[in-house]
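Shared between the two complexes below is chain A, which pairs with chain B and chain C, respectively.
And then the complex of A and B:
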């Protein structure tokens, strides 16, 4: 019973981590068809922002939930204005540009902060389930991931901005004819995607190794999750995260961590062979 | 004549090249000696950047010291450093450049065992003397290489019994999933069993694993007395964080063959690193005069230098062992220097006396055992002049100088 509870917690934690890792990417890729190879670096910038503002004396919750998304969101807007907006519709060029951007950000952070950063410990401590111990922070991570999903859903589904943004993504010319400025919507959407990534980076900071190249460990999983999720941003991310988080954690616990990673990638390959359009290409069609 | 932009650029390029080249020309004209080139292959960027930095800093310090003291054989020494950017492909490429283009007298470098195995054949083929100064799993038996770092018989053999005495007999091994972690876990198993303990499980982790939740539950299910860790790299430091966050830090002890080699105590919170045991060939905290002088010199030269571990100290000592051998041989010729080193060349470095062992081409050196206290290593034990017994058990380059392979320890189950 204790074991079942702790495994369930690990699975939820694995799913929550994948949701956090990929939601920002899903917004940018899913809505704008921009392949952002600097996504891992957005996460890294979020983590660095949390680490440095916390070490400077800021409350850790304010740092990760407010400052990190604001900072990375602002960087995202600057990136969109400076680079991405010239490349809409040119997928390969965008990939090249964002890949270059990711190398630039890594180089910049390494130059400024060096390879060593003082991390922040996870707050809140731990609790026991029978013989097992787990951290309260893993529950916080799950809650934040869930809250983030709900918030993005509410914004896209029930606000005027969400409606306008979805309309612009579907048909920018028509939106433009109706008096909406697509470039502004693109800018805002990219900024929000970056901000979500920044928040995710901040939330992951206390349980990660903080190094300039940390994004590389995340980006493959984020892309696999988003691509396997398919066209629907939220339903797709949630479905793919659930599937891969479950498989990865169960395989890791039941066999070895190596096989846990292998199982995740094999299931992604099989899934994309069976459903080339991703999970939401077949199921939950037309959902957000 | 109007000067076009292109012409202007071409002119300035030529003149600045001439300006840069002029000292060499002047020197050649005066008949001064060509510098002796020393190659260096270390990662300064990427995941291993923090690891390579102090190693290169140590080499720069050593070369500057040597030149200030009049150079080597009356010639200045020039360091040719390539940043391999944590990429194995660049190791192979730059190794060829060092051997063929730069024609260096010796190469100091390689960090991971994977990088060493990528460049060792290159230097064998192109007859370039090679020093590998990183602690590693042991067993390399090759007359064309000198391994000056510690191997498991010098460190793990001390660490495992000490940790078992402190915490108990049942151990759980977690290690990085490449040759270093795989082989080191075998040594851990061997020493644990030889001391009457048992290994509950051994888990390997690809280097990009960041979520250790399930592993932490698995370890708790196995109920070990201690965890033996050979985790490697920045992503794996996440384990120590998640372990502490789950409240296990105070319940189950951790002894590691990699923790604190780079910057873990500095990066992690005090609570996350407190009490971790480690055994290496050198600690920055050593208070011998040679050690404090070395640390002071590095700190005054490089303000931002990260933790100075065995990696940096062995690189410094590796370089000086080569220098002593060149002096003895009176030449930088590879065969002559190798023979000089094989006479049992020794050097008194920051870690103490270091002697090259002819039979294995490894080093007999001091080893130390320490515990993290408030983000610093506190040295608990000193083991004087430890021979590389692990490699010596499988390798004899005196009787079989043409041997060229890496032996892996054979661990008998019980």
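And then the complex of A and C:
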């Protein structure tokens, strides 16, 4: 019973981490069809922001939930203005440019801060379930992931900005004819996607190694989740995260964490062979 | 048109042969050893130049085949006395792996961007798996995989059938440069065949080629496998160069470098990727020597600048410039991504 509870918690934790890792990417890819290969570096910048502001004396919750998204969101807007906006409609070039950006950011952070940084400890401590111990922070992570999903859903579904953004993505010319400026919507959407990534990076900071190349460890997982999820941002991310989080944690429990990841990737590749449009290309079609 | 093209190819090959036999007289041993690795990487760069520039398949994981070739050679060479079979294994293993991966991608008819994501992901998996194989539990035959420590003291190539006659560093230069010229000429030859024309036709318009009755998936799969095999060959030579291989060959940085070489040199040419590769490596090794700028910073800047400002690459840009200035050379159109390039 205790074991079952711990495994269930681990599975939920795995799903929550995948949601956090991929939501920012899903917003940018789902809304704008831009593949942002610098996504891992946005997460890394979020983590760095949290670590540095916390070590400078700021409350850790403020750092990860407020400062990180603001900083990375601002960087996202700058990147959209400086690079991405010249490349709309050229998907492969966007991938290459964002990969260049990714290397650039890694190089810049390494030059400024060196190869390592002091981490922050996970707050809140741990509790025990029978013979097993688990940290409160893993529950916080699940709650934040769920809250973030709900918030994005509410913004896209019920606010004026959400409506305008969805309309612009569906038909930019029509939106433009109705008096909306598509470039500003693109800029805002990219900024929001980057801010969500920054928040995710901040939340993951206490439980990951803070190094300039930490993004590389996340980016493959984030991409495979978004691509397998398919066209619907939230339904797709949730469906793919649930499936892969489950497979990953079960395989990790049976073997080692590395082979848990291998199981995740192999199942993703087989899934894409069966459903080339992703999960939401077949199921939950047309949902948000 | 074919005449001019042939002249070009033979001129490049002749220049290559001249450099191959001439450079050892101009450089000391250190210089030759450095140039050997440039040339090995140029073979790797050609493999991506072929599948991306001509096949239109942008693989973000060409380093996966490179690394697999290197590891296949290392594992086989530690188990065999003669290096002939390990050498073949280094080509066959990545080719088969490319076949398996390509089957999932091309027969699943996934889009170009998803293809990039999947190749990237596979590379990351390989990196993580090989990285985690440290310790005595992980070995294939007599070969310990070594995890993140890599595999040191891999036996070098020997003359086929004579296990005691191993190649020294200066001899490896001739082998590497010879293979580069061979791969270049072989790809040129392939591109002039019916198969090569089909490959370019599919890049230009896949639906049209399919509607004409060609099985485009099969052609793309074959191109991908050829690219995998060439990358494996490069991996084998790379392992020989240092007598060492480690999981960093699978890293994203390696994959990014290959793309930068091809991008800078120029798509839809075969000489571009070679020149781009050698120039950038020379630059990176100079950066490594002076320690002021971080190599990632420079590579990222180069990639960004080229995507935004010179998307067709240096060689096609120079050729286009030469044409606009009405220079006598070259006499033919070499605009980026035209069907004519199949002929060149």
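Rule of thumb we're sticking to: the second predicted complex is superposed on the first by the 287 of 288 C-alpha atoms of A that agree within 3 Å, B and C clash if a C-alpha of one lies under 4 Å from a C-alpha of the other, contacts with A are read in each partner's own complex, and residues count from 1 in each chain.
Note that a residue touches a chain if its C-beta (ideal position, glycine included) is under 8 Å from a C-beta of that chain, and two chains touch if they have at least 3 such contacts.
Everything quoted here is computed from the prediction, not taken from an experiment.
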Joint occupancy of chain A by chain B and chain C, clash or fit: clash
Touching partner for A:43 - first (chain B), second (chain C), both, neither: neither
First (chain B), second (chain C), both or neither touched by A:152: neither
Partner chain in contact with A:273 - chain B first, chain C second, else both or neither: second
Which superposed partner A:102 touches (first chain B, second chain C, both, neither): second
Partner chain in contact with A:194 - chain B first, chain C second, else both or neither: neither
First (chain B), second (chain C), both or neither touched by A:258: both
Contacts of A:111 with chain B and chain C, given as first, second, both or neither: second
First (chain B), second (chain C), both or neither touched by A:206: first
Partner chain(s) touched by A:216 [first = chain B, second = chain C, both, neither]: both
Stretch of chain B, among 96-104, 132-140, 150-158 or 366-374, that runs into chain C once the two complexes are superposed: 96-104
Chain C-contacting residues of chain A that also contact chain B: 107, 110, 216, 220, 256, 258, 261
Chain A-facing residues of chain C, complex: 58, 60, 101, 104, 107-114, 116-118, 120-122, 124-125, 128-129, 131-132, 251-253, 256, 259, 263, 293-304, 307-308, 311
Residues of chain A defined as touching chain C within the complex: 35, 83, 86-87, 91-93, 95-97, 99-108, 110-111, 216, 219-220, 223-224, 227, 256, 258-259, 261-262, 265-266, 268-270, 272-274, 276
Parts of chain B lying in touch with chain A, wherever the complex brings them together: 45-47, 49-50, 53, 86, 177, 203-206, 208-211, 213-218, 220-221, 223, 233-238, 241-242, 244-248, 251, 263, 266-269, 271-272, 304, 306
Interface residues, chain A side, partner chain B - complex: 3, 6-7, 9-10, 13-14, 17, 107, 110, 114-122, 125-128, 131-135, 137-138, 204, 206-214, 216-218, 220, 248-249, 252-253, 256-258, 260-261
